């Protein structure tokens, strides 16, 4: 499946958001994620199916003012 | 001061961005004595996973975090970012920024009030980055905000208190709401001046992070905030136009 | 800082006049942490001999005294008063005031320089109360003064730093001479601002003595002076006209 | 002898400044003194004769800013 | 300047309230050279029918009127008042005030934008009394306002330009919209300073009406506004920190 | 105003240096309406004899000249220059500058008073370029000066009135002496503000000469000075902290 | 009919706003009027019936800033 | 004779200041002059003798602020 991860096109085997995060190596990381601009709670990642062309955002803690 | 039911010892809230190094950030946080640091969410990138390391370091500091929605220009962005922050940082607190103008980074006060209402209704404890505008402040309080954070001057300018009259009026109008000056502080004297006006706290970042010695500046800011607070409580003298001798004139010897 | 060969820990010099009571004065001196207090000479009067009790109290505080020539409008008065002070207080130090105008209590800069020259030649260590005027400051240094004490604002007004440009110029012109802002300070933020300009110390009185709580204000002033000094040494950020985000813009998620 | 002490006329028996200070009760006090606008050191009080009409100033430590 | 298609010669708009007498008001209007005066609607009362006489006098002056909605605290009041004014004064112009706070008379920026949208949609030509807030200004322009009137300082205070940085930013942000400083001007130098920032005009009242000699002050304000405008167009020198001799140093004779 | 017995119509004195061209200088002088221009003496050089052409042009303008002693750092230089100027320009007037510091071009107040005394005794009519210092001003008046010209800010900086409190005090102290702000004016609003303080006139140069359009700026300055003077005479309103409605509150309709 | 005119109770014979304005002496005056907080255009005064207890506001030009 | 004119060494035939000014072409010019730092009035130029090494300053009207 071709998706956009943090703005870059990427080809993934995953069919759910949870699988995608695993496949991208965020399995254990402290991140939040959104699909097509909608926040997806961590508990819902398993049941969030991905479709071709979906835009996934994965964010992590960062410096802020 | 009490922020959403949490009693906070230090009246300084410190940003975590723009430091020369993570080690200097950590030392500055310690030197400041702050109990609250602001953080953001950004795309996790690269094999280094910088965000994870940053987060580990912050957790080690043993301080509360106040996630911001910096860079959000729309209500939707800000609300979504707040939700992500609540999950990641496991806190209902959010420093709500809805930016209206890229040059001044001034709040979009309409978007701000709208987002604040949505988030308060959803259980967030909102710290709104706002202006000194009374009518906006009233809407924010109506929306459920129990704290107001007016700017001192545009973010990152270090100009201090750009509108003292406005800040003083805001304080008089909301005697009970914790008021924190957020943005624009460049020097300890600016921070002290805000506290002397009766403000409850100061949130700053660039003035410490971009100082020649951020760790020393963090301490200086903390000290100045204490001094300003103590002065407010002590009741300063009224300034006067005419000079007035401190040494008594009575009893002066005639030696002319 | 070093004042005529004496290393002084606190950068605050405190006046002893206008306090609600001697006990409050004593506590304020202690709370301030100062090592130097200013005193004057006045006619000893009444059976109570108030001056003797005052002097006993000051001695108990264990601080150095800096006698002033407050109220003197002529060179002769000031010089005579300085001599009397040297005998009574047993110190070569003198805060030299030659007042030129009764309304502003501004120094008579001509009389000041003349008296300074006489006193320095006679072995006094002169702390001249002066203005921010460079040409006056140069004459004072030529006369033998090793310290300069420009006013911040007229005595007792509490207006803070009335001429920041002038004070900054004086600092730049005399990088090596200890400079102490004397008079006009009303708030800790004023004191911090002077220290941020690179001044070495602050002499104040009314702002503490006339505060609602002089003891607390004494502490606040001391704290603010430390903060200002620390900031000066830490190297403050440069103020800028344009806003600049503290939180990084790179890596912002697209959620719009 | 009639002198002016700190601005007030006074009649004293003393003929020297030292005696005058004693007579006025300043014997042990921490004071400085001047006669007719001229400072007189403590060591010179004994040898400072007073004349009728002299103005004596006696000052002591006081609050100052 | 061009206000809703009307070319206006004078850049001064003058209020008609608080003058010592109607005759002085009339003379002040004439002395000011203004082409636009502000008026209000109030209950017609008493057998004298004061409003009719006032209106007759204004008509005789041959100036345009800009009716205000002063004293309105709600959108409904302001909109209804605007409608009444359009009928009475036979003009689509309205100076829209929706007051948010009785102490500062600051605009309720939310009510202001809402009322502006309603009135613009209904064919009014709205002159909104607003703050220097960019995000509010943008909404007003979106609502259909073709003029913005930010305050200089709270109404009637005479404090001048309380937030120069904010006013300068507003000017930069809206290079094409006529901007008129409304409220807070106390002195001709304040009015000139606003014009030097590039503002298009000034609306003032109390500074003229409450001057010792309102007629002379009206003329002084008009003159200062012209001076400030001319200076803006002429391109002022840049201020500098260091002194710079005006008289050339080259060719100085050696006479020392 | 009356300057050493000469009644002067315009309250603007204009410097003649730093203009883009002699023609622009001439037009600026005309546009300013000034009756007095400042000039200097410099070594006549080259075959072109520039000084002679300059002098011919100035004479054609039909204005009085006020020669300065710009660049003189000692009493001797200043006095000698004054004598040369009296011969060349055939006037007893001299703008006396004794410069104390090359960076700020601030007066050496000691040299100034000394030179003023010498020149006044020798029949000169001295216009001393001084500071706002009262004790210096008193010596200048004692020396025979019948006019005082305190700086607004350092020469050529265009910063306006750097010490308003000091300038106001000087005015109050010398109600009868013509006071002219000399140096530091950058904008018409600065000039108007000085006149509103009750100053009698303004001497400026760089702000006009270095404007984008010096001729237009000359006119703007003249206009602003008139406005400031008129306002001073008209009696400005007192500024207030609290807002105060201009439109009457009584009689407001109930439409809520 | 008892109405409130500019905040004061008043008894009028008029049954329309136009009549009321006439009866109150505002026939020719430059005024605008509202009934119960709603603006009534001059052209509609004739057809605006009044009811007992109505609040009438009558405003005229006045000084303003 | 060798003199310094406005800072530059120059050789002149003149023996008085008046002659020097003539020789330098300032005969009719509006200038003031000084010799060795002392102002010489125009009326005294004739009787002001020059000596070898004298420093002559000749100044003219110029722009000033």
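Quick notes on this one:
Chains here go by letter, A, B, C, D, E, F, G and H, matching the order in which they are written, and residues are numbered from 1 within each.
The rule we apply is simple: a contact is a pair of C-beta atoms (placed from the backbone, for glycine too) under 8 Å apart; a residue touches a chain by one contact, two chains touch by 3 or more.
From a predicted model like this one, the values you see are computed outputs, not experimental measurements.
Common neighbours of chain C and chain G under the contact rule above are F.
More C-beta pairs touch across one of A-C and E-G than the other; that pair is E-G.
Taking each chain's centre as the mean of its C-alpha atoms, the one that lies farthest from the centre of chain G is H. Sharing over half of its contact pairs with A-C by residue number, the repeated interface among E-G, F-H or F-G is F-G. Remark: chain B and chain G have CA centroids separated by 54 Å (rounded to whole angstrom).
Chain B and chain F have Cα centroids separated by 46 Å. Remark: chain A and chain B have CA centroids separated by 33 Å (rounded to whole angstrom). Within chain C, the positions touching two or more other chains are listed as 15, 17-18, 40-43, 45, 68, 70, 76, 80, 84, 103-104, 106, 154-155, 159, 205-206, 245-248, 251, 253, 255-256. Residue positions of chain D touching 2 or more other chains: 6-7, 34, 37, 57, 59, 62-65.
Inter-chain contacts, as defined above, occur between A-B, A-C, B-C, B-D, B-E, C-D, C-F, E-F, E-G, E-H, F-G, F-H. Those residues of chain B that touch chain E in the complex are listed here as 100-101, 103-104, 106-111, 113, 131, 133-136, 138-139, 153-154, 159, 162-163, 165-166, 169, 172-173.
On the side of chain D, the complex with chain C involves touching residues 6-7, 26, 29-34, 37-39, 41-42, 57-65. Chain C contributes residues 15, 17-18, 40-43, 45, 68, 70-74, 76-77, 80-81, 84, 103-106, 154-160, 186-190, 192-193, 196, 205-207, 209-214, 216-217, 219-221, 223-224, 226-228, 230-231, 233-253, 255-256 to its touches with chain B in the complex.
Put simply, chain E touches chain G in their complex at residues 15-19, 25, 38-45, 49-52, 54-55, 58, 67-68, 70, 76, 80, 83-85, 87-89, 155, 205-206. Listing the residues of chain F that touch chain G in their complex gives 245-248, 251, 253-256.
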